[in-house]
Structure formats: C-alpha cells, structure tokens
Amino acid sequence: MPRTPIEPRFTVEYLSILDSDGNLDASLEPDIPPETLKALWRAMVLGRRLDERMLRLQRQGRIGTFAPIKGQEASQLGSVATLRPGDWMVPSFRETAAMVWRGWPIEKLLLFFAGFLEGGAPAPDQHDLPICIPVATQLPHAVGLAYAAQYRGDDAVVMAFFGDGATSEGDFHEAMNFAGVWHVPVVFVCQNNQWAISVPLKKQTHSRTLAQKALAYGIPGIQVDGNDLLAVYAASREAVDRARGGGGPTLIECVTYRLAMHTTADDPTRYRSEEEVREWERKDPLTRFRLYLEKKGLLEEGLEQRVDEEIAEAVRRFEALALADPLAMFDHVYGEPPVHLQEQRADLAARLEAASGGAAAPVGEPPSATPMRGQRVPRR
Amino acid sequence: MPRTPIEPRFTVEYLSILDSDGNLDASLEPDIPPETLKALWRAMVLGRRLDERMLRLQRQGRIGTFAPIKGQEASQLGSVATLRPGDWMVPSFRETAAMVWRGWPIEKLLLFFAGFLEGGAPAPDQHDLPICIPVATQLPHAVGLAYAAQYRGDDAVVMAFFGDGATSEGDFHEAMNFAGVWHVPVVFVCQNNQWAISVPLKKQTHSRTLAQKALAYGIPGIQVDGNDLLAVYAASREAVDRARGGGGPTLIECVTYRLAMHTTADDPTRYRSEEEVREWERKDPLTRFRLYLEKKGLLEEGLEQRVDEEIAEAVRRFEALALADPLAMFDHVYGEPPVHLQEQRADLAARLEAASGGAAAPVGEPPSATPMRGQRVPRR
Amino acid sequence: MKLDMVKALNLALREEMERDRDVIIIGEDVGVDGGVFRVTDDLQRIFGSQRVIDSPLAEAAIIGTSVGMALYGLKPVCEIQFSGFAFQCFHQIENHAARYRSRTRSRFHCQMVIRMPYGGGVRALEHHTESEEQFYAHIPGLKMVVPSGPRTARALLASAIRDPDPVIFFEAKALYHAAREEVPEESETLPIGRASVVREGGDLTLIAYGAMLRVAREAADVLAAEDGAQCEVIDLLTVSPLDRETLVRSVQKTGRAVVVHEAPRSFGPGAEVAASIMEGAFLSLEAPVRRVASYDVSFVGFARERANVPDVARVVAAARETLAF
Amino acid sequence: MKLDMVKALNLALREEMERDRDVIIIGEDVGVDGGVFRVTDDLQRIFGSQRVIDSPLAEAAIIGTSVGMALYGLKPVCEIQFSGFAFQCFHQIENHAARYRSRTRSRFHCQMVIRMPYGGGVRALEHHTESEEQFYAHIPGLKMVVPSGPRTARALLASAIRDPDPVIFFEAKALYHAAREEVPEESETLPIGRASVVREGGDLTLIAYGAMLRVAREAADVLAAEDGAQCEVIDLLTVSPLDRETLVRSVQKTGRAVVVHEAPRSFGPGAEVAASIMEGAFLSLEAPVRRVASYDVSFVGFARERANVPDVARVVAAARETLAF
C-alpha cells in the first residue's frame, strides 16, 4: 500500500549512427541501397542550393517571405525517404527539401512564395498536403488522414512535420492524444531546430527532451541526432514500418539546428550568438554524409553544377509564368459559386475592364508594402 | 554513440495510505490536527448530503442542471484543505464540497444553479475563481494567477481542479507547459473519476496514468488513491509546500469515481454497468475515513442531523431570495455602460413597465423548456 | 410519419449513412450515449464504433481530424456538444475547413458538416444558451444553415451532408422536442442558400430562422388578428450564403421589414439582412428595417433569459412601429 | 516629435509601463526580439523579462494566463503575432476575457489589451493579411479599437491600457511604417467609443478606420477635385462600441454614406454601420448606404491582394454612384 513507483518505468532512447566527424556505428548502419543514398545526397545538395537561390530571389523582390531550411536537410530527407509514394506527407512551412523529394516542382514552390495560390495546389495524384502556416494545426489533419486510411483499409502511412515550438500548441497535444487512442498509422517528425523564431527551447518547455512528450500519450518516442541522416532514416524506417504493421503512432524528435534566419523577415543576430551558429556549422548534416558517401565511393562528379542548372531552369520556368488572372480569386471558394460571389466577380471583371490595360493595373504587390523588420521592400 | 536510453529514467509514483477496508499505513500517515480531521469529516458529510438535497431540488424544478460530486469528496477536500485562505482555488464545475470548504455560502451555490448570475460572484475577500463550465479553460487562469502572485512577491499558492476528460483539451497542455516553463506556484489536481460523461478513460487517452502526463512538462506528477483522504492530503501538502517554497508546479492525479450521474441531465445506465458502480461503492471515501476517525474517537454525535439542518436553512434562505431585477443583466457588461447598452436597458425597462406586474412577466424560465435527455421540465 | 426534430435529425443521419459509406460521425458522447440530446441515438449500434466515433474531449481535434478525414475523401458529420464550445475549434474551422478548397485550388476540399445545438430555452448554464451564427456567417468558404423544425431539419441535414462544402449546421435546442411534424417516408433535401416564404402578406416582411421562426409566425398571427396587418414571413433556413433575392423581392412588395434573431444585436446577422435589404430595395422602403434581437450582453442566466431573448410581444411591437413609421 | 506608428506604439507601451507597475507585456518574440514588427523593441531590456515575457508558442495560453493575471490585478498587454492566429485563443477571449466581469458581477474583471497586427500591404503569406475585426465587434464585453496612424495609435493604446475592460487593439500592418506623424511630448489619450470627423463636408459621409482611412481621405480629395463633391470623412477609431451618434449626425447632414473596410463584405462591420445609419437617419437618407469591402473570398495571395482590398478608385466609384443615386 505504500508509496511505490509505477512499473514499468518510462524510458526514451537517443539514437546516433554517424557522428559529426563521420565516425560510423556500423552495428546500427541502416541498409540503404546505393541508388537511394545517391538520391538522398543529391536531394540534400539541392535543398541547400535552392535555399541559397531563394534567398537571392527574395532579396531581389522576385518572391516574398519564406523559411530557409539550411541545416535541417538530414531531418527532412532521412525521414521522408522512408515513405512510399502512396503514403502521405503533411508538411509545416519549412520542408522545402522534403517537398521536392516528394515531387513538388520547384517552380510551383516559387510561385507559392511569390504570392500565387496556384503554387499551393498539390498534383492530382500527389498524396501530400500543402504548406501549412498556422503552427501545429496540420497535426490533427495528419491524424485524420491516418484514420481515414485505416477506415478504408488502405495501408498508407502518414508522416507529419513540425518544429520544437509547435509542441507548445494545444493542437499538438490533441493530435498526439487522438493518434494514441485511435492507434492510427501516423509518424510525428519534430524538427527540433532549437529555436522558435527568437525563443530558445529552454523557454519553450521545461521537459528535458521533446521525445519524452510521447509518454503523455502512451506512444513510443525517440530522440535522434537530426543532423545524422542515417539515424533519422533508421528511426523513421522503424516508425513507418511499425505504423504500417498496425503498431500505431510514433514521435521522433530530430535534434537539429536552423543555421539561417527564421524567415527572410528575421534577423537572428538579435537573439543568438555567432558562436552558437558556428558550433552547429561544425555539425552540418551535409559534411558528414558527404564523407560517408566518399568512403563508399558514391559521390558523383559535377553534381553541384547539375543541381544548380536544374534550379536555374526551374527559376526560368517560374519567371515565364504569366501573372494569373485576378478573377481566379473567385474560383474554388465554394464548389459552386453562390450568387453574391458571381456578382462580386462581375464587379471585379468590370473594374479590370475599366482599368485600361485590363488585368495589369490592380494586380501585383500592394502599394505600400511595409517591410517586416529588416526586410527590404521588394519590387517585381 | 549507439542507441541509448536517456538517463535519468522517468518515474511516477502511486500513493495510498488508508485503503478501502480502513487499513492504515502508519508510516505514511500525515499529521493532521484532530480539529481539522473533524472539520474534514463534517465537510465530507455535508458534501454528500448537499448533493442529495440538490438532486431533489433539481427534480422539483427549484434549481437547474448541476453536477453531483458523490464519491469524489476525498479528492476535493483532502486537496483543498491544504490551502490557506490567502491561497487561490480554481474550480471546474464539480467542486461543491471544496467550494463550501472555501467559504461559498450554500444559498449562493443554489442561486447559481437556479440560473442567477448573482450566484457566481465570489465574496470580495475570497480568493477563489467562480465555477468554470468550458472544460480545461480555467487551467491557464490558474497559471496566470500564480504568475501574478510570484510577480507581486506574494506567497500565495494556486490550486486548480479538473477532470480526466479535461486532460485531452489543448488548454490543459498549454497551461501545464507554461507552468513548467515559468516555474510558478500552482498545483494541478485532476479528479480522475474514470468517466467524461459517457466516455471511459481508456477512450480518453492511451497513457497508463494521467500523472505521467507531467513528464511532458518536466514537472513532478503523482497518482494517489483519490478515495483516500489521507493520501490526497499528503500528496497535496507536499505539492503545496513545494510550490510555496519556490519548487514550482505539480500534477496530482486522484484516482476516484463519479458514483452519481454526470449531471442531472445524464442517464449513466446508458453507458456503464451497475456492477462497476457497486464495485466503486465498496471504495466509498466516506466509509474508510469514518472508520479512521472512529478508531481515533473523533466522531461526533448527531453530525448528520446538524448538517441537514444547516442545509435546510440555506435552502430556506435561497428560496427567500426575491427574483432579481431583469435589468441587472445590463450591469457589469462593461465598467461603464456604453450608450447602446443604456438604450437597450431603457428598452427593457419600458417593456417591464408595460407588462403589468412589472418585472414579473418576462422573467422566470423560458416558455418552451426542452429537457436534455431524461431531464424533467422543471417549473418554479 | 410524425417526428420531433431530434428524431428527424436522427433519421436523416441514418439515411445518409446508409446511402454513403464515407459518411461518418464524430463527437463527444455521440456513440454509446447517442449524444447529449440523443440526435445520434442508436447509430453506433447500427454502424459500429469506427463510423460513429466517441472522441476524446477536444473540439479542435474533432474538427482538425475531421478535416483530415475529409481531405482523404470521407464525409465527416461532427457534433460539437454545444455551440458555446465551438470556439475551441474555431481556428480549425476558419484556418482550414473553410479554406482547403481555395488553398489547393480544389485539389482538396472539405465535405463535412459541423452540427451544434444552439440557443436558449432549456434552462441551461453558461455557454449552453448562446447563439453564435454570426461568427460563421462572416467566414468565406463556409455555409451556415439553421433549420426551423423537424421537416426542414431532416431535409437540410441531408443536403448539408451531400454538399461539397463545409456546412455549419445549427440546431435550436428549444425546437428539439418542441413539436412533432409530418415528414415524408422518402428522404428529401432542400436547396442550401434558399430562403422560404412560409406566409404571404403585403404589409410587412418578417424575417427569422431557427427557434425565432415560431416567434415571428405567432407575431404575424397577432398582427393579423389585432391590427389587420398581413405579414409575409420568411424562414431564412440558410443564414449564409444569404438569399438576398428572396428578401429583396418581398420587401419590394411590402416596403417594410423586421428581422428577428437570438444572437446579440450589434454586428449580428440582422445587420447584414438590414443592409442587404437597403441596398436591394431602397426605393421601396417606407420605414427603416428594424432588428429584434437579444441585447448586447453576455450570458444572463436562465432566470433572466426570457427578458433577453426576443419574444412575440417584442416582435409585434417592432412591427407596429415599422407599420406606423 | 515625428514618429512612425511602430515607434508611437512603442512609446505608448513604455509610458504606460513607467506609469503603472501592473502593466506587463506577454507574447511570442516580444522580448529579446522586440516583436515581429519591433513594436515592443527594447522594452524587455528596460523593464526586465518578468514584465516583458517571451512566452511559449501557444496563443490560448497567452490569453488564458493573461486573464488569470488580470483577475489578480495585473494589466497584461498581450501580443498575438498576427491577427490570423488569434482564432487559437478565441475561446479564451469569448468565454472568459469578455465575461469575467459579468460572470462575477464585477468581483473580478479583465483589464487587458490584446494587440494584433492585421490587414494587408506587406506581401505576406496566408493568415498574415486578413482583417478579423468583425469577430470581436460582435462579442459583448469587449471593445474593438483600430487606430489610423501614429498619433491615434499612441493615444488609443494608452487609453486601452487604462480602460477597465478588455480591449482588442488592431494595428494595420500597412500603417506601421507608412508615414511619420507629429506626436506631442506628453502622453495623451483618446476616448474609446468615440469616432472622429477628420474632414468636414456636406455632400457625402465616408466612413473608414485603420489602413482604409487613408484610402477614404484620398477618395475625398479626388471627389473634391474632380466632382466638386465635399465629403465628410469619419475615422471610427473604435469599431465597437460603435459611435452611432457621430455617424447619424453626419448622415443627417449629408444624406449619403459609404463605408469602407478591409474585412470581407458579407456579415462584416459595414453591415452594422449601414444598418445603424438606416435606423438613425432613415428620413435623411437619399441613397442606400454603400459598402466598399474586400470580396467574400478567403486568402487570395499577395499577388492578387490589390485586386481584392478596397482602393481609392473603388471608393470613388461607390461614392459617385451614391451621389448620383
């Protein structure tokens, strides 16, 4: 009857396979086909270079605000690479590399960040949700997709991405709890990049790890070195297979770091030190994975150039896209446009008519664009 | 570098001191002054009898829907008894016994359940929040109170009550997380009465205990036998003292049972078995505590009668209260009534004038009262 | 058959679930318990606990997971136990249910219904008596439907479930058991977005919906009997998109209008009705459109509810002022 | 001194925090970072991290804990990073911040301000450009304030912080750096609930607030120059409680009115303005009150924003139709 610890005790594991110096724990090395390893390396490089290119496009005012991924390539790719095409990916707003891996055309992403809804539409056959801006709100959607898949008897698995800050939102909690109760095939991938804009992890939660939050829902949680693609892949493989096998949800915490600014509207020097950033640059996920492939003799000549050319072509296609018709804003509000929207559409059509040069006039960026923080006011 | 459990492991304890047969673990017996023990017994009896009386009042249509506490007396009183008057109690909607302990006049509670806002106003010197209907929404208020107390340098502790179902709400999660980060003096008392209306705990969450949810926030969590007043008291004492001493928040899970219906509008026979209820009746918190006091020779003669008389007097005072002026609905919407409310007040005043018999006419319960489930339509 | 509104809603749910395996129900206590008001009574027994889901206590996740199910192709019918608790999921409704179609250019859309009991009349506690339709009516991408009795409830719920867009479906608690009405054997639908003229008249247009329709009708009887004034009574049925055409046509005939709702007056649905009538029938208007609504106060307690919610006397008074204007 | 709106707001916060130790700031990134738009710049350094709180990422808890602080006697000024994310805390605002006073018969009340940047003009992503004022204007117990420039921003924020009731304080992103304006050395206030006639005229009343005031003013210039029409321009400043008296007095003089807002048109704030004018000035009205608002569409993407948000040409066109009616 006395005061007794509840048994079994609760444990959470930490997984690291390839350390920042490239040392490999061969006993844990996941068996990934050479072609996949090469594709993953290519995706990492593309993610890194696309980030840099998008930064330039934003500074030139050719696209608007976006969230760079630099430093988080391994977290995103090691996890998403374990999905099948028929599985579902549910991104937040910082998964460019994962989205490209899943088949999002680069020009479509650029269109999205240039302020066109057309950039947010997944392809008809694509099992991915679009970018989700409100933090953590996509997580219940992932659980609902997983429930629906289970209900229909499909063997699809759902993988949802979110950040460390997202774990503070009620939607994170409610989604995890529903997933636990429903025992649905969903894998929660938390990219713990140490910061939520200017808020460091220790101000975000008092728990030692984010992985341990899984204990609150009676589901497995694991913390992995998020800059170690092999560890992320191994943990994700295990979670995805368990989910597909009817083993229910898993929470994976990828310990990583956002090496660039939160978004192009952010100035990280206000809240974090250069030392901290340099510290993490030494743990760059690309460096160690490059070494790993080098040892395996899987590095290709001129990859960077080919990737840059692919990006350049995508940018050209993006630039070539004519400004879409403003009237399109009335499409897709409802299945069938109600009377009042037909009238409003006619109103805009008339205004566009009136404004000589038709569409041109009232379109384009708003007259008085206020920069967020240091952001320059872009002009197309 | 390999796969390693994160140390130290996570543990949650279970505490029971006085079992359902009245066996005492003397090594853990909290030292409670005899006068307090007697007061607690009196409060338990009053809670039980008031519940029964309110049920009759509701059936007679003299009050509206309310939530009986039968079976949860120990959870409420063992915890709230560890507070000082200057501390804060933040109730949900099922803390009648705790509220009376804190000094709420019974007639005021009756007024509240009879549909009068006047019943919801704490006394000027009372450090308690009113009954809160939306599940879990009071928890961030408790954290805010605790923050404010700390900010002002007051040594007040805040104790918040909620149920097992409340742990599924986002507000529970966000409040716990803020409390952990801010390290504020708040004690979260979860009355796990096994049911959220018709939803059993196993459909509410997949975690083995509710206490373990504390691990997600890096704060202490403990599970206690909620029908054992001594265990609830001991755990609460420890948590309140820790909070007051700057040790931060604690989550206490009181494992108890709702012996009556969810509210007077509920029919529990639809979702749970008689056996289950009888099972828990054997663990009645009053029975064992009565035995405990008996052995200590602390039982008073004729307590039940005195308690019943006190309740009867309160009911008489409640019945004697004239129906308040309908115009009072315009008071306290804002600090100063804006023009439009002054006009609307005048409109109602004129209508009341017109309706011969002044106030009487448009007041009282709505014309077509729809019973919720089995509830009878009450008439005053 | 003659059914009350609870039974009529229950029938519509059963019929739609039989019609379409993708229709599922989710909410708090909707399963074993059959819902707080028994609207989902017996459905879990018939269709199983995978299709009638007793969810944990979390509104945002009820709507959020339903959005996910809808994106997959299911057609969830969610129950929020009382409309007063829907603000917990308001972000999921506004950010997502209403927007996925536009956001993805119809690659995805949310065919889902969100049912909620609303309004007064049941001697209930705070958050159990309010009328929040305005909050949903202002959100593009949503439809806001409020039946006024058993037959319209059953038909509109069927329409809502088959509608490709997210529909907020408000059920007046006061009507659940208020009256039994003849409903046809065969399942029927009603067009969403169309108001209905339930009484013809040339002197004044009375506009209401939900539980207030009865009040408007009775006011029309009084005005006919005592004032010899013929009111045209319009049952909105759909608050949004608002059927402005039917409103304007009526007021072009009557020249006078009074709109009645349980929601607080200021910035409420009556304002849109009044403004739309002014825009569409200005030259026919012989008096300002009057609004009879609850006062701009928060919860008043059921002991004072009757003094706050519009009743026949108030509607009659407003109509007389309008007729005398 | 000449300040832009960000600096003016920052000044008001500093002044009120110096005046009253109970005033504290809480929100995401309001501390070290000084807020997404730098409105709280430097305040954490001056007043410390106990008074300027960098909260975890959870809007419901930001408002919920602030409610608790207010019940204790503090005066929290909460920042919701963008108004599009305030639906996460809508239940805490509607269920509690707006109601504690009434619920406890003033034993407790919530003296708190909830600041949010709203509206378009910054080439931002979804949920960063919308205008949600209507949702707050309909809630009894709340006040809804929207300054139109640096000077009104500084004065109204001071008034809001000193106001005993919860105030929703909308800051137009488009105005943050749009213009610098002379503000007095001394702290000043403006009465909440009072609109301001910023330009006198006898031909037509133009009603706007926030970023739309500039649009209305420029439209007035165009109408004066090109049509010789004198517009009276009213800056609402407070959306709710609405200053009907000022609106009605003006329209009794002009007989014509156009209301402009960024929020979607249907069931929006313009409906209340129009309905109130009709009720108060019906016999003076020579034309229906026209509404110029964003269309009833959800987020359109910043590339199309200009086609959706009211601009000078649209206001001028509506005014001309009204004048010609």
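A few notes on this one:
Letters A, B, C and D mark the chains in the order given here, with residues in each chain numbered from 1 onward.
The rule is short, and it goes like this: a residue touches a chain if its C-beta (ideal position, glycine included) is under 8 Å from a C-beta of that chain, and two chains touch if they have at least 3 such contacts.
Predicted, not measured: the structure shown is a model, and the values here were computed from it.
When chain centres are set by their Cα atoms, the one at the greatest distance from subunit A is B. When the contact pairs of A-D are matched by residue number across A-C, B-C or B-D, over half of them reappear in B-C. Separating the CA-averaged centres of subunit C and subunit D is a span of 30 Å.
If you average the Cα atoms of subunit B and of subunit D, the two centres end up 39 Å apart. Note: centroid distance subunit A to subunit B, computed from Cα atoms, is 43 Å. Averaged C-alpha coordinates put the centre of subunit B at 34 Å from the centre of subunit C. Multi-chain contact residues of subunit B (touching two or more other chains) are listed as 117, 134, 168-171, 174, 177, 181, 203-205, 333, 340-341. Residue positions of subunit C with contacts to 2 or more other chains are 55-56, 58, 60-61, 84-85, 88, 91, 95, 102-103, 126-127, 140-141, 241-242, 266, 296-299. Against subunit A, in their complex, subunit C makes its touches with residues 24, 50-51, 55-56, 58, 60-61, 63-74, 91-92, 95-96, 101-109, 140-141, 143, 163-165, 193, 241-242, 244-245. The part of subunit D that touches subunit A in the complex is made up of residues 28-29, 31-34, 36-38, 54-58, 60-61, 84-85, 88, 120-128, 173-178, 265-266, 295-309, 311, 313-314, 317. Against subunit D, the residues of subunit B that register as touching in their complex are 117-118, 120-124, 126, 129-130, 134, 137, 139-149, 151-152, 170-171, 174-175, 177-178, 181, 331-336, 338-341.
Remark: subunit B residues 1-6, 9-17, 19, 23, 25, 27-28, 168-174, 177, 180-181, 183, 203-209, 211-213, 215-219, 223 touch subunit A in the complex.
Contacts from subunit A toward subunit D in the complex involve residues 64-65, 93, 113-117, 133-135, 165-166, 168-171, 196-199, 203-205, 265, 270-271, 323-324, 326, 328-330, 333, 340-341, 344, 347-348, 351-352, 355, 362-373, 378.
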